[in-house]
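What follows are several structures.
One chain, chain A, appears in both complexes that follow, with chain B as partner in the first and chain C in the second.
Let's turn to the complex of A and B:
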């Protein structure tokens, strides 16, 4: 019926968002660009977590830990072997993906519950190891990391993050709409039915989990070279919780939800920070309410108003 | 020796997780936070209100039981049959409780008065703190109490019935909703009991719930989810493994041994020693 005008409205919104995103460095202050970069990092993180939780129905608590692996692996390579940064980022990403694959292979044949238990302890163990092996990682003091660009410019970092995030999110979107994405959802909705029509359920879950760890590793490595100082906190459970809350509040199992949630919560937490360290508590209570009363998140609430963006 | 004491403690702290996993098919990620709440409550009742430590402990457990009932009613009940939802909810809950504890009790270690400050002399130069012995033996005592409650009382029978087959249990007239409600309250009270018993020896900070939750997971995966005997065996094994590990390899990595154990169990015997799996 109103499809044509609806589609043109969608295009209009899409183009204006793209324009706004591209022109942001022209107008925003350095602090504003910083928040935008961190938001993009969280968009990467929560969109990839959502691939596992929202589309195959398993909860990984090691997503932040994979980002830490990516960040530390890439930084250590760059520091000790003086390799070019893009190469070390690829290396960090691959390490995170490989570890994700191993953990997934190990736990997923037993079911999602085991994955959650093991990823949670994996995250804690990783934090302990990074903290304790301080001759390598400098522990809680933080590791100084070389930047990507020779001359430091927030705008360059912003454009890099923007390009990678857009690329990753479009890729995830394509994946979810492909036949593979159909298999993901089949595995989530009814494992037995999916298996009976020839879907190898464990392989599908492992694939999703590996892919999502890979993106987390990439996001972590990029973040490390942007922040130039990394500490075990990137892999902490508080960080994990933020990613989870962004996805849940934005909308689990939708493409636009995690993007929206990540930007919203990052901007909000910068605002709340001036009142003290209450942002975790506030987000915790909000996300409990969302999970309890609107499990589809804000995206679901909007969709109920027949207002689908993507 | 230390391994056995720690083992009894791990067994007690895993009992609540195991109960909830068995009866409700819910993995409670906020178990450790109820443990620190138990410790803080007993600290406040005994230090600020000047109650006798034992009385304070009982009051603290009662409070936690009520909190458990409230949380089951408001948050957990709607997630039955959806393991992912319940894991997400209890994980968020753990963060919320941690931050509440941080805001209301501050980041510094809190320690209720000890029941005893002495240590006993064993053969030769071997000293062992009485408070640790008390912690270990009262954990064991509470654990046995819990075991008897589940195995010997009528209510325990109902709990086991719901754990085995909720529909059959309903069919023979057991109110399974109520059983789950009380089980969750009981599990939270057990976590609190562990906090009460342990905090004089191991002072708590708002984040000390996390390692406890993790060790409880190792124990229940090892013992088989929902098996109480498995809890005791798993707890003792974990206690001994960590103790030997830190004695012979490194003290900083005592938790890592638990993780290695967890991976080992999943690789070789995923159903645990008593053969239960979710």
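Let's turn to the complex of A and C:
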């Protein structure tokens, strides 16, 4: 009986959130919709990073770099070949996924610290290339990018981001709950035991890394065509650490954690804009406190109160 | 906890966004962080002086004026986001400022999208006004004018025979470098053009190349602290004082850190500036100088203080004449501007297709550090001394 009523409450909360999300453009100001769009971008970024770090135990520092690859690949195709934007977004996503697969194949067998070091180097190399190849990318001067819609409408962008984010998060949830998800966790929990029962640990990790890069590329491409301007900042380490903080604060290894973390930190960062670069310091302190006092993040805290959304 | 979280999110999404009808908001964009953070301080001082002047006049039709300053960090992405915030959250009536061309190029797109009146104060790239956006104005120097009216004339008047141009790879640097290159070609003055990274700390490779060219003038289109490093390394390699170094932007040669960073290499260095204590073309210029000295107990150094002061007053003047905060009314008022500023009478061109469309620029001076004192050496009619060559 108690379980039934709890399930009803969960459904009620779920429907309320869905309704609030759909109706948000009706009530929020343009600025509110803008924050919501950026929050959804970060939900995509942190949820996909969580797939690698939270479910296969591999820490990659190249996630923001894959968003940059998606953003620049899509933008350059749109600018130089005048192709339809949806097609260039697909192209940018595929390029990020392919490069993610190649990098994963090369580095994932190394594992652990080596993977972190290689991905860190990859991200920095990419930043230098984007900055210096300014005849193509305009470097730090910023590349003007065409928008997706002919008539600029924040509501349209919001609904597009919302649809893609819901699709991606539900897809990730299904994946984690599938037999493949079980293999992901097996690889993370005990690599040798997983291998002994026939799980190809490297292939599993490469798959997670490729999917994660693919989603980051998609998020980056969408972001570029929304912001209509991209610079090497999109793939910077500061961006990477922000995604890391969002996932840690929200709850690494859970589906709902990165969603909480991304929305909370994006909203918080708008509140503390005047802190300038110091806002990362604030996030760092929050992350430290969360790791120390609530290692499962916000999702863990809610779960302790038996509020599990997924 | 969940309820608190959702409340915080909803408040932040702008559901409680009300502003007082008694206050007119003016947005300012500029760097308060990053390598050109000194510009933010200059802007702050200029804004404070302008607000004093507006308050002394009783505000705008009795309404008080509030300035909302958003930091751009000098980067285009942050600049576009800052501009968007000023328009959509703070609901400012007009935006002004900026001192980085790349940031301004990002901001004009947002200004055009929301039809927000925007007065560019100190971003020089020609490209900013080339799109002819109806709500974008510039009341400050621009590359074509600086090159044709000041730099080339200075070179001709100074009888410089061989010029080395060293330009950073920013919108401003690339633009002014290319314009100088073609202007000198036209004048048949021997020259070379070298591009350097805008974040470079090591100019030795470029300076070694310059040294082999044996120029008598080096045009340094390098902004921020990079200029200090360039001047200092140029002396180390004996490029200067054999050749004079001209800072094509100005402010870095006026920052407090200049002499600490360059030492003796600073003596003889030239820079471009529209402001000097001895060049006070009108009563407004003297009033600005005196008001600054009274408020800050020192003389103004960075001319961007005065640029911010002028653009805030220009915005207030347009808002007063428009008697409205509607973007189209403010744009109409700006087009009819006839404002007496410390730099002269400001009025914007309104002919589409003309280079002066929505643009006005002040007269620029060439100033030389001589025994750590600023001496105006160009143009002749306002000069306080002559160019000092290597001793």
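Heads up, the rule we're going with is that the second predicted complex is superposed on the first by the 304 of 310 C-alpha atoms of A that agree within 3 Å, B and C clash if a C-alpha of one lies under 4 Å from a C-alpha of the other, contacts with A are read in each partner's own complex, and residues count from 1 in each chain.
Everything below uses one rule, namely that a residue touches a chain if its C-beta (ideal position, glycine included) is under 8 Å from a C-beta of that chain, and two chains touch if they have at least 3 such contacts.
Source: prediction; values computed, not measured.
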item: Chain C versus chain B on the shared chain A, clash or fit after superposition; value: fit
item: Partner chain in contact with A:23 - chain B first, chain C second, else both or neither; value: neither
item: Partner chain(s) touched by A:248 [first = chain B, second = chain C, both, neither]; value: first
item: First (chain B), second (chain C), both or neither touched by A:118; value: first
item: Which superposed partner A:174 touches (first chain B, second chain C, both, neither); value: neither
item: From chain A, separation angle of chain B and chain C (C-alpha centres, steps of 10 degrees); value: 70
item: Partner chain in contact with A:291 - chain B first, chain C second, else both or neither; value: first
item: Partner chain in contact with A:193 - chain B first, chain C second, else both or neither; value: neither
item: Least Cα gap, in Å, left between chain B and chain C after the two complexes are fitted on chain A; value: 6
item: Common ground on chain A, meaning residues reached by chain C in one complex and by chain B in the other; value: 132
item: Residues of chain C that touch chain A when the two form their complex; value: 1-2, 5, 8-9, 12-15, 17, 32-33, 70-71, 73, 75-78, 80-81, 84-85, 87-89, 101-102, 105-106, 109, 113, 169-171, 197-199
item: Partner chain A, residues of chain B touching it in the complex; value: 27, 29, 74-75, 78, 83-85, 87-89, 91-93, 95-96, 99-100, 103, 210-211, 213-214, 217-218, 221, 252-253, 255-256, 258-259, 262-263, 266-267, 270, 277-278
item: Residue numbers on chain A that touch chain C, as the complex places them; value: 24, 27-36, 132, 134, 139-142, 144, 152, 227-231, 233-234, 260, 263-264, 267, 270-271, 273-274, 276-277, 298, 301-302, 305, 307
item: In the complex with chain B, residue positions of chain A that touch it; value: 53, 57-59, 61, 106-107, 110-114, 116-118, 120-122, 124-125, 128-129, 132, 237-238, 241, 244-245, 248, 278, 280-281, 284-285, 287-288, 291-292, 295
